[in-house]
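Paired with subunit B in one complex and with subunit C in the other, subunit A is shared by the two complexes that follow.
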Partner chain A sequence: MVDIEIKRDRIVIRYKGKKWDWMIEPRYWRNAIVWTCVLFVFPLVAYFVSPGLINTMVTANIYAAIAIPLSLMTVGTGRINFGPNFYVGVGGYTAALLSIYCGWGPLTTLPFAVILSVFAAVIFSPLVIVARGLYYVLLTLLLPLVFLEVTFIYTGIFKGDVGLFGVDLLVQFENVKLNFIMAAYISAGIMLLYLLIVNKVLKSRYGLIMATVNDDEEVAHGIGVNINKVKILSFVCAAGMIGVMGWFLAHYFGTFAGITYLPLTFMLKILLVFMVGGRAQVFGCVAGGYFIAFLEMILIRTMGQFQPVAFPIILLILLFVLPSGEGLFGIYRKRHYREYLPTIHVRR
Partner chain B sequence: MSELLKVSNVTKRFGGLVAVDNVSFSIREGETVGFIGPNGAGKSTVVNLLSGYLKVDAGEIEMDGTRITKMKPYERTRLGLSRTYQIPRPFPELTALMSVITSVLCGKRRINQSFEDAAVEATQYLEFVGLFSKRNILARDLTFYELRMLELARALATTPRLLLIDEVMAGLNPAEAKRAVDMVVRAKEQFGPTIFWIEHVMAIIVDAAERIIAINYGQMIADGTPDEVINNEAVIEAYLGKGWREYA
Partner chain C sequence: MAKKLRFSIVVLAVVSLVLLILSPTATTAAPKGEPIVIGYVGMVLSPGTRPCMDAQKVAVEEINNAGGILGRPVKYVIADNKGDTSLTVEGARRLLVEDKATFISVEGRTEICLAAQENSAAMFKKYPHILVFNGPMGSELTARVMDEYAKYRFCFRDWDAEPAHYAQMNYFWGTTYPQMFNGFKSIAILWEDLAWTNMWRKGIDYLNLPPWEEMLEKKFGVNVVYSKAVKPRGTMYLPILQQIAMKKAQVIFYCSSWFTDTESFAKQWAESAARDIPVNLYGGVAQTADYWRMTGGKCLGIISGFTDGEIFLTDKTIPFIKKMHERKIPTQIHVHLAYADIYFFKEVIEKAGGTDNIDKLIRAMETTETTYSLGRMAYETKPVKPFFHSKVRVDPDNPTKTTYPGVYIQPVAQFQNGGKIVYLGASCKENEKIFEGIGSPKNYVSPAELRKRAK
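For the complex of A and B:
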């Protein structure tokens, strides 16, 4: 049985000969609590100041919530997946099809969206073992594009050209602005949950093991790491998490079209969030998500038709200027080591 | 002393080249066995076969009575077989402490061990090899000698029964090499693993090993005490060439 022991600064959990420590010191959680409060106050402020900002916040949360599992996948497999939007497509279409054809609500479609995304990831998981480098990039890049073609070929089912309409909405209040606020809280909740889970995993023994796979697979194998298990598990779990965002998109907009999420444009935004925020930095994904979503919104409002040109130019400049591979989060932490885990100081 | 490792008629081919040809030997528990041979003799190939990085084409490898021929490297490590590399291969983005913690976590199974417990155990290995003060330095920022020591700490942290050491002195200056050799000897005294030690420098291995195995062109040419092996005609010929007497 699970044995839980509460100490002054931590909770100790023992289960089947394994032991986990969970820090509960207030100073350990201070930054997290402050930023969570900011996230939850923002929609309320935006409600009175500029309701359009709530939609931008939802977009930012979606970008971040896709980039966070992508970080987990990147660290755990030691490879950058160029087609995370494939799982957005699988989750989104599953939710939309079940909602339209079976009349199911969001809560009923959620487990199926996760299961189908995980199932798709299991089928394609051998890729992380057999392919590396350019081959892995090309194969993962092709998956969403092939799926997009499938939605056009079987247009009777997927409505490839216009998308599926009539999906049950996530929240249905009479006040539309209230719907947006609720969607903002749900998206922020999912994003924060992902942040908590992925950060906890990366800081745990499993995160360290993933980091070794990321650094040198062969040596990791040699010190007792079952690298195939680590790679497949991180690939499949992250894919399931990304699939949930497809479910969210389908039920948030009440429609789902592969043409919006499966092409390169959406995938590039996710990868930019990932790179600008900080490669494989979970907190950087949040910074990157908000930066990209708000930059896009500001440029649309100020530059109008020039936005499609200015947006990539600004991002390209940023990619050159930001610390290599560390992004916005790297600026924040540039005076610290680039270790995957907090430094453990041992007193002699 | 019981037999810890048994290698029977192991062969490895790379295309048309037979890198290891029908090699058989055994290692007893607690021994320090030297493994010598000139460049390209197949020493590192044998280590790669033993640690599971390469698959054998023919033959069997047994460890403590268990056939490990088809086991993956991580399974062999958990069984108690660990190795170091000829050219150090650290985890460049991890600190020295984190690198060793991974070995503690992934090597031999310890009951009721949290991440923090593993960190405490890892510091013991770092202290042993003299890297305690460098525990929070990224591995890529360590010197060559320190990387060698980190490799040794990482290998010891898996609590091996058999430690394969691949040319510990390569790339070190004489003073560092002496310290490295002393460290291996101390590691054996303190942690008690059986050592299978590949080395190029004869003088070192003759002093450190109880038994020496020599190979050339993938074939075993001698197996015996250091005195027997260094006086073996085939071993001298392998190092100096067939007509060495004419120039002696």
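For the complex of A and C:
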């Protein structure tokens, strides 16, 4: 028998010894609802005011949707992966190659992009067990660079620095602005889905286990946590999610080249999103993604030739000024602590 | 006497009035109406791209000062892509949707241009425009114009296709090299390890064109003693040069581009065991006088195409170079092209009678011909891949032999003592006459001799 109990701040549902609770206290869900609404209204407003902003929003969503799984990976493995773009490459090339050579559309290529990304992650997952610290950083940093070399060596398959082109587009309506809006909603949908999943995971019992691994692997092992399983699962699942963004990029632009996504420049942007938003804070990834994408766009539009200098200077200042690890979201959360449920402190 | 004076005053007044009416300031009405927007998507900080933007700005200013195009002002808008695909697409979309650009030039890697092409094709119906690729090599860009003409018919490349370079190499290896390098029998080749050199490394099957190495060995009996693909930047050249010296190559041919660190190469070459082996650079910063300064004079003896000199190639060359030098804009090949593009667009718009009918504009792009500082600007319309919609240069039906005369006049030069540019002639036999008073391969001096003279 389902037992529903309505409390002041939550609804508690009990069924056969299991319990689910759903927060109804407005202050806990208000922010999420408001920002989600803003995200969904934004493309419509931009459609009439400045359609170019829709593209910036897509870029922001892509950054955030890569940074969110990266934060899951960071918490679950206790290590920062410096080469998340490797999985963008795997997902992107899988989607592009299948679309070009098999004539498949985005929906058909998606599962294969995920499978191949997960497969690649499984192959490289022992890294999270055998390497730590600087070695892990270097090994993960090298993966995308080695992959980039592979794309040059096997030019016949990957087309080197020219890249693959003629990939089926994500949306192909007659109305081009409608295509922009649809791309914005799809990217926002993926990003919000990632946010929801990763937030739920990190708040769950499994998140607690991940936090223990993150805090001290030996102690976690001592209290009976299968640390290898936790680390590999976090690594592989997050890689699969990042691979989806490679799929998105290939079908969004209709082209895909490793030289754009595999070098350090792209990875640095993701790491900046990760750091400026708030290190390994899931909501911070969204703040960071939007901040970086819109800051870059605003500077390009307003500062002309000084923009390429101003952009890194601003980011450098932010990295110094923002409290260690908290990022933009951390500052916000500190000031609005009543609006968030207490969470486990994870030393990231 | 008074009558004569009065007559003189009247004549003077009439002459002054006529002169006033005929003077450019009086005849050139300020352009009015809706501006014609020309956009450029490229990397603002790139030393290869920035001069293109600056040169195009100069051209737009000149056109506006002269009354615009069909009386309409021209607006020039730049979108910085920071060498990034997503920013390129974002920038191009902004130019089309918000600035209502009719002409967009895109600079960058072939991959970036392909993404811009895909985006433009998707937007073309709602935002008809002309897309010009400023300088990329990838033949894919124009090959697909032929494959899907209806979809990509608005795309043009202001640079020639890879197969168009065969005639030039035939001329170098068959005519000028033997004149410069006594008993030319061996060569070392360095390839920039990017896709644009692939066709020359592997040959072009669909046009039945052999790899360059095979061409050298079979056609000219030249032994390729060393061949290596090197990274565009950050290469340590000393071990490579050591090996080339050991192989006793007579000349080093470096298939370089704007991405290549040719300045670093020159510095290492000048100190290496291969310093007596002459070097011929294919492309890159050596095309301008700045190269001497950038290498601190270490490029003494290096041979390269050189497009920064005030020499008469067409009636536009010297005024253009002077103008650019006054503004401190280096004039590598694609700066010439970028500047020429703006005047080409002007002709196209005038020919099409405005910018309202995109099909008329495309037709005008295909049929217009202008003279620019390095020859003639026109687009190939023979339906041969990948020449179609690329800048004309050679006969697509016979790309190894026939270069159209006066179309692309490329001076070849050598850096000699004190940074003096000495011209070594043309890059094809069809343009030899133009260089009669400018220079010939006879002017070549070996690097060892130049170093001796420097002492």
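Note that the second predicted complex is superposed on the first by the 307 of 348 C-alpha atoms of A that agree within 3 Å, B and C clash if a C-alpha of one lies under 4 Å from a C-alpha of the other, contacts with A are read in each partner's own complex, and residues count from 1 in each chain.
To be clear about the criterion, contacts are C-beta pairs under 8 Å (C-beta built on N, C-alpha and C of every residue); 3 or more make two chains touch, one makes a residue touch a chain.
What you see is a predicted model; the values in this text were computed from it and never measured.
Q: Output check: A:204 vs subunit B and subunit C. Expected answer is one of first, second, both, neither. What do you get?
A: It touches subunit B, and subunit C stays clear.
Q: Pick one for A:222: touches subunit B only (first), subunit C only (second), both, or neither.
A: In the superposition, A:222 contacts subunit B only.
Q: Who does A:259 touch here: subunit B (first), subunit C (second), both, or neither?
A: second
Q: So, does A:297 touch the first partner subunit B, the second partner subunit C, both, or neither?
A: Second partner only, subunit C.
Q: On the A-aligned overlay, A:232 touches which partner chain: subunit B = first, subunit C = second, or both, or neither?
A: Neither subunit B nor subunit C is touched by A:232.
Q: Examine A:212 and indicate which partner it touches, taking first as subunit B and second as subunit C; both and neither are also allowed.
A: first
Q: Regarding the shared-chain residue A:174, is it in contact with subunit B (first), subunit C (second), both, or neither?
A: A:174: touches subunit C, not subunit B.
Q: Where on subunit B is subunit A touching in the complex?
A: Touching subunit A: residues 51, 53, 72-74, 77-78, 82-83, 85, 89, 91-95, 97-99, 101-103, 105-107, 111-120, 123, 132, 135-136, 138, 154-155, 158 of subunit B.
Q: Looking at the complex, which residues from subunit C come into contact with subunit A?
A: For subunit C paired with subunit A, touching residues are 44-45, 78-80, 82-87, 89-91, 93-94, 97-98, 109-112, 114-115, 118-119, 122-123, 125-127, 138, 140, 144, 193-195, 198.
Q: Under the stated contact criterion, what part of subunit A meets subunit B in this complex?
A: Within the complex, subunit A touches subunit B at residues 12, 14, 17-21, 204-205, 208-209, 211-212, 214-216, 218-227, 337-341, 343-346, 348.
Q: Name, in rising order, each residue of subunit A that touches subunit C in their complex.
A: 50-52, 55-56, 59, 62, 152, 155, 159-163, 165-166, 169, 172, 174-177, 179-180, 249, 253-255, 257, 259-260, 265, 296-297, 300, 304-305, 307-308
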